[in-house]
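Two complexes come next, and they have one chain in common, subunit A, joined by subunit B in the first and subunit C in the second.
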Partner chain A sequence: MWDLEYDVVVVGSGFAGLATALEAHEGGATVIVLEKMHAPGGNSSISGGLVAAAASPLQEELGIVDSPELLAKDMFKAGQDMNHHDLVKIVAEQSTDALRWTIEKLGVEYKPCLNILGGHSVARTYNTANASGSGIIRPMLQACRKNNIQIRMKAMLSEIVRKPNGRVEGVVIKDGYLFPSGKSGTPLRIRARRGVVLATGGYSRDIAFRTIQNPILNEKIESTNQPGATAEGLVAALKIGATPIQLAHIQLGPWASSDEAGFGVGSMFSMLAGFPYGILVDARTGKRFVNELSDRRLRVDAMLKKKRFSIAITDSSGVRFASTLNKCLKRGVVRQYETIEQLAIENNIKLDNLLVTIERYNRSVSLGHDMDFGKPLQKDLQAIETPPFYAIRLTPKVHHCMGGVQIDREGRVLDIETHEPIPGLFAAGEVTGGIHGASRLGSVAITDCLVFGRIAGRNAANEPF
Partner chain B sequence: MKQEEQCCQQRVGKSYYEVIFLNTNNLILIVGDDGVIVEANPKAYKVFQEQKLVGRFFGELLDLDSNILQIIKERYPFDQQHEIDVRIGNESLIFKMNVSPLLGDSNLTAGVIAILNDLTPEVDNRVLIESEMMCHVQEKAHLDKMLEMIFLSVGEGILLVDEDREIVRANSQASEIFGILEQKLCGEELEYLTDGEGMQILNGLFNSLVEGEKQQAEITGHYSNGHQFPIAVTVTRVDFRKRKFWPIIVRDITEQKEYEIKLQYEMKRSEEMNVTLSNVLKSIEKDRREREQQVKNKVKQSLLPSLQKMTKTNDLEIRSTYRELIAQQLIELTSGFESRLDAGLLKLTGTEIAICRVIQAGRSGKEICELMNLAFETLQTHRKNIRKKLGLRGRKVNLQAYLAGKNCDV
Partner chain C sequence: MWDLEYDVVVVGSGFAGLATALEAHEGGATVIVLEKMHAPGGNSSISGGLVAAAASPLQEELGIVDSPELLAKDMFKAGQDMNHHDLVKIVAEQSTDALRWTIEKLGVEYKPCLNILGGHSVARTYNTANASGSGIIRPMLQACRKNNIQIRMKAMLSEIVRKPNGRVEGVVIKDGYLFPSGKSGTPLRIRARRGVVLATGGYSRDIAFRTIQNPILNEKIESTNQPGATAEGLVAALKIGATPIQLAHIQLGPWASSDEAGFGVGSMFSMLAGFPYGILVDARTGKRFVNELSDRRLRVDAMLKKKRFSIAITDSSGVRFASTLNKCLKRGVVRQYETIEQLAIENNIKLDNLLVTIERYNRSVSLGHDMDFGKPLQKDLQAIETPPFYAIRLTPKVHHCMGGVQIDREGRVLDIETHEPIPGLFAAGEVTGGIHGASRLGSVAITDCLVFGRIAGRNAANEPF
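The block that comes next holds the complex of A and B.
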């Protein structure tokens, strides 16, 4: 009946899957991680490594007042209150715990400063020393190796086996799978004595699936995700009666460059410099049109409206924290100019308007509040006036799926008919839904994946069989 | 000029078409799908008085009333001559413009190539230029596609490294070898994939290679989970727009290394076996000589004197005593081993016995021939004779199996 047998079978090798595996192992379970791609890490490994934590050690050091309640409030605001409150509470309350776990247990290194991202009311975002999610994924993979937790590559989940008694008992995979060939791989049945944990991430690159959920997001719109961000894992769960939730809520990132593919190096530039320490203008008018630190959805909507040509502009003081600047310049994603005039000409922006815009913004900076769009101005913010100046051309790209399967506070997947947990099935990370509502705040995804990955891992290891 | 160079960087190689692009008296503008100029030739820069062209809207530059490429395409249909009036500074110039679709290059799929010429030149070589530029574009697209195919489909990992030791391209095999998705691998520093020593070796190669040259080395690779393993790298160098790039072909040689170690062990073992075998053969020869000598001695010392004595006497009783003695001595000639000997084996010749010993040691026919310097046919004849003497003819008994339990120390 079964080819292999483990206590806990984890599907997906991103933050959520690896956090699950490490905790389940710690809980005494035998564990295997299944990954359909030829390399581990998923979107997690290409992510920006920005991690939100409320009431964190760095905040205390820097005198920033924050609390889990405030983080939850920010999440509700961005999510238009479509978030499931009990789940949000857990993420917010355990955010600093999860961060500490990465530092103390895994040895992850972070930069000694905090960032403020759009939609957050205070600076609470840590960034890994290498400004990438790989700064967390690598230590996680090392820990798996040390603990002999096997990660089986090219192993694609094709079916979750649920028995007539309602319990999930294992999975069927395509072993030796070659993404994206549907025909590749041979079936292998793996029993999960205690539990299956679904951590297969989002479906931003699944054009068929995402256009069904939201027809606007057709193949013409690029994505920041890795090619394996497709929906098969989610679909397998839906097939055995998992509850889908808010699948049409798919987020676009407002910070991606139109001069490179995917997330690239430009996105981090906009996030760490262009938006917090610069302005976003429409090249055709030379004017600002949105609060650069508003939630992503508001920014993207504003960018897509009227087919704007969005350009973020900052100066030499604004790029202090732009860790990817050199790579951006090298690839021509960000361009550097000695004067605003030059910047305007080369980007085809009406110079007079741009000068007025910058002057007005600089006045806002000196006043300490944004007269036009209510952007929260940081204490260390300076006027845009010190050459060289920098510009990045932006276009929204499909980035994150807020929807997924519904889970309870213990990370159990809920049955669509009974609304009760499906015995033996857990989920964590981007494959779950309901935590972020209509829009996810930047840097909260990693926190969410770590918090619920750990919960699912602990609970799966303790599931009776 | 710097920007012009930058955008030209995307083009592969320098070809005939490029020469035309650079030297023609026509203005050539290549426009991306967003209506923005991505490439312009020197003549265009000259006519537009060295203004920046790349990055500007095509429509705006030529006063076409729209920046949206779609609208421009509708207004100025492909492959027709359009007369346009362009203001440059205080002057107004009239151009003949021809717009054609830009094929190939994926991020420019919907773009166009516009060729403008001043109405004054004596020779109108627009058609020529246009068709050649189209060839250029198509050739490039074709070349790119081919390179891309090669890149993606070869069985080995490929990394393209630039002067900053940054990985600028990687295929999925390389991604699999190092356990890092392509998206992440591109932009990663090369030093993440090996150790200090490996980096030193690579740097050495980078510094010493001339363009087109090829070098190989074996270094240590690092998987994303910290696992270390042996890799073979083949490094070449290509120069491109005054910059150097090094394509590195990578092979995980963990299995090969293990196999090599096993092979070495096997070779050592078989060498030892050969030494033992030749020793065996030598000792057989020595034994044979010693035994011969023994027999000779016995015959000389006891048998011959007894026989002489027997022939000398006529006494029947004495004769019979000598006969018994001789019989006894004859038995003693073989004493010490005859009891354990197989009757059949005693019938074998020395060569046949030697062959039996080697067969017993499990050697193949070919090996026996080599060891004993025999032709294969000769060996077969010996085998046939051995079987006959041992009474195995026509029986389904394997010679090696039959000899297995036997004492061949004849």
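The block that comes next holds the complex of A and C.
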């Protein structure tokens, strides 16, 4: 019947999958991690490595007042209150625990400062020392190696095996799969004595699947994701009766550059410099048009609605925390100018209008409040006036799928007919739905993956068989 | 193996189900219609009987310029362009055909005037002579009887039978089912030699299912729907691999009254009188706050956002087309006042503000354009000044589910894994998703049901077996 047998079978090797594997192992289970691509880490590896944590040690040090309740409130606001409240509470309450776990257990290194990202009420976002999710994935992989947790590459999930009694007992994979060839690989049946944990991520790169849910997001819209961000794992779960939830909620990132493919290096520049310490203008008008630190959905809507030519502009004071600046300059994603005049000419912005915009914004900075769009101005914010100046051209790209399978507080996948847990099936991370509602806040994805990955791992290890 | 056998098995007996049954019969198929409740007609029977048709005979007569393209454009606008364009085109192009079919084939009687509903560019909405969907359902049932099409009541779908070769070959029902008792009824297996057509409607009254998709819509929010508007049919389809689409898109009706349960008689009063020929004010401010003829979503958002006490107000000139007026007055849903003063006092509206609001609105009417909210003002619109005056208190109620299973242009249900049609499975009406995108326009639901019900019926009758 089965070719291989483990206590816990984890599908996916990003933040959620590896957190699951480590905790399940810690709980005494034998564990295998399945990854369809030729290398582990999925999207997590190429993410910006931003982790939201409420009431964190660094916040205490810096005197920033925060709480899980405030983080949850920010998540509800961005999510248009369509979030599943009980799950949000868990993410918010365990956010700092999850962060501590990465530091104390895995040895992850973070920069000694906090970032404020769009939609957050306060600066609460840690960033890995290398400004990349790989700063977390690598230590996770090291920990897996140290604990002899096998990660099987080119292992494509083709079926979740659910028995007539309702219990999930294992998976069928295509072993030796060569993405994206549907014909490659040979069937291998892997029993999960205790549980299968789905951590297969989102479907931002699955154009067929995403356009069914939202036809606007056709093949012309780029994505920040790696090519493996496709829907097979989610589909396999839906085929055995998992509950789909909010699949049409698909988020675009407002900070991605039109001058490079994917997430690239420019996204982090916009997030850490252009938006908090600069302005976002429409090149055709030279005017600001949105609070640069509002929720992603609001920013993207503002960018797309009038087909704006969006450019983020900052100066030398604004790039202090832009750790990807040099890479951006080298790749031509961010351009540097000695004067605003030069910046305006080379980007086809009407100089007079841009000067008025900057002057007015600088007045807001000196007043300490944004007169036009209510952007929360940071204490260390300076006027845009010190050369050199920097500009990055932006275009929204498909970034995150808020929808997925429904889970309960224990990370168990719920049956579409009974609304009860499917015995033996868990899920964590972007493949789940409902936590982020209509729009996910930046830097909460990693927190979500870590928190629910750990919960799913602990519970799967203890599932009776 | 099977207890009964038909060419076409139709699940659901509303507009979509009966249109399917009649067309499948016309195509030479033996047909059975299954209905879980004790009476046929579902929500269709209690709807307002409003049918949108583009470039219709009455429009020609009245000199109203319209086209399928304009109807489609209006649908895209309300749907935030998240509609499946190919399906919208079919509904728009066949809208007048579908209307003609109800008149010529079924003998449905409509009022000799057209209505303009929120979000429509022009007056294109027919209304049945009795201002109710029963004005269409009854002739449909008569036609079924005449053609010996059996409608089996208390027949609850419990499973769609899909064979390992991928084909749907029939259904299992609970026969003698007593809604909503899960334990009632005995299993009966019905073979569908050619096709099963799912026409089971939406899930507005399925609180568990709808709150999974949108937790805001909890049990405290009322619905306009009949109790049978639950998700079992949709769930049965998802369990055999149908593609779910936009399930979180659930619409509330802005015109429903807080002074009666369900759709009631007030909804039609607001739609035909209060909104087109009156104003919508917040009782706490005495001010208008939204274009009374904007899309439902915009109106509901405006009503809910600030927890307004919404009241629609009109006068004797505005109630000319309000065919439910007498019923509304009798039931106390609409109240009649000799003076605006009296209306203001009894509804706790600050009189001064209300008088200013009405005066300003009347100036808009005399100018021929709405100075404040851009409401499209009808040619026959008169100032609010002729007693008696009328007021109706409103509260948004869950009304329509835009989401459902994905179908193609032939009404075939698509498989979630292959994106290809599931052989032998069709769907029509509210159980399908994607046609209306983020928000459905008023009076397009019946059109959709008729158009795709007829398509599904024709194709199911011709499905090879």
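In the analysis below, the second predicted complex is superposed on the first by the 465 of 465 C-alpha atoms of A that agree within 3 Å, B and C clash if a C-alpha of one lies under 4 Å from a C-alpha of the other, contacts with A are read in each partner's own complex, and residues count from 1 in each chain.
Assume a contact is a pair of C-beta atoms (placed from the backbone, for glycine too) under 8 Å apart; a residue touches a chain by one contact, two chains touch by 3 or more.
These numbers come from a predicted model, not from an experiment.
*Asks:* First (subunit B), second (subunit C), both or neither: which does A:81 touch?
*Replies:* A:81: touches subunit C, not subunit B.
*Asks:* Counting only touches as set out at the top, which of subunit B and subunit C does A:145 meet: first, second, both, neither?
*Replies:* A:145 sits against subunit B, while subunit C stays out of touch.
*Asks:* I'd like to know which partner A:166 touches here: subunit B for first, subunit C for second, both or neither.
*Replies:* A:166 contacts neither subunit B nor subunit C.
*Asks:* Classify the contacts of A:214 with the two partner chains as first (subunit B alone), second (subunit C alone), both, or neither.
*Replies:* second
*Asks:* Just to be sure I read the superposition right, which of the two partners does A:417 touch: subunit B = first, subunit C = second, or both, or neither?
*Replies:* second
*Asks:* Looking at A:387, would you say it contacts subunit B, subunit C, both, or neither? Reply first, second, both or neither.
*Replies:* Touch partners of A:387: none, neither subunit B nor subunit C.
*Asks:* Name the contact category of A:180: first (subunit B only), second (subunit C only), both, or neither.
*Replies:* Neither partner.
*Asks:* Give one of first, second, both or neither to describe whether A:347 is in contact with subunit B, with subunit C, with both, or with none.
*Replies:* First partner only.
*Asks:* Applying the document's contact rule, which stretches of subunit A touch subunit B when the two form their complex?
*Replies:* Touching subunit B: residues 37-42, 45-46, 132, 134, 137-138, 141-142, 144-145, 151, 153, 226, 258, 262-263, 265, 284, 327, 330, 332, 345-348 of subunit A.
*Asks:* Once bound in the complex, which stretches of subunit C touch subunit A?
*Replies:* Listed in rising order, the residues are 81-85, 208, 212-216, 235, 238-239, 241, 243-249, 403, 406, 416-417, 419, 434.
*Asks:* In the complex of these two chains, what residues of subunit B are touching subunit A?
*Replies:* The touching residues are 3, 6, 34, 36, 51-52, 55-57, 60, 67, 164, 166, 172, 175-176, 178-181, 183-184, 187, 224-227.
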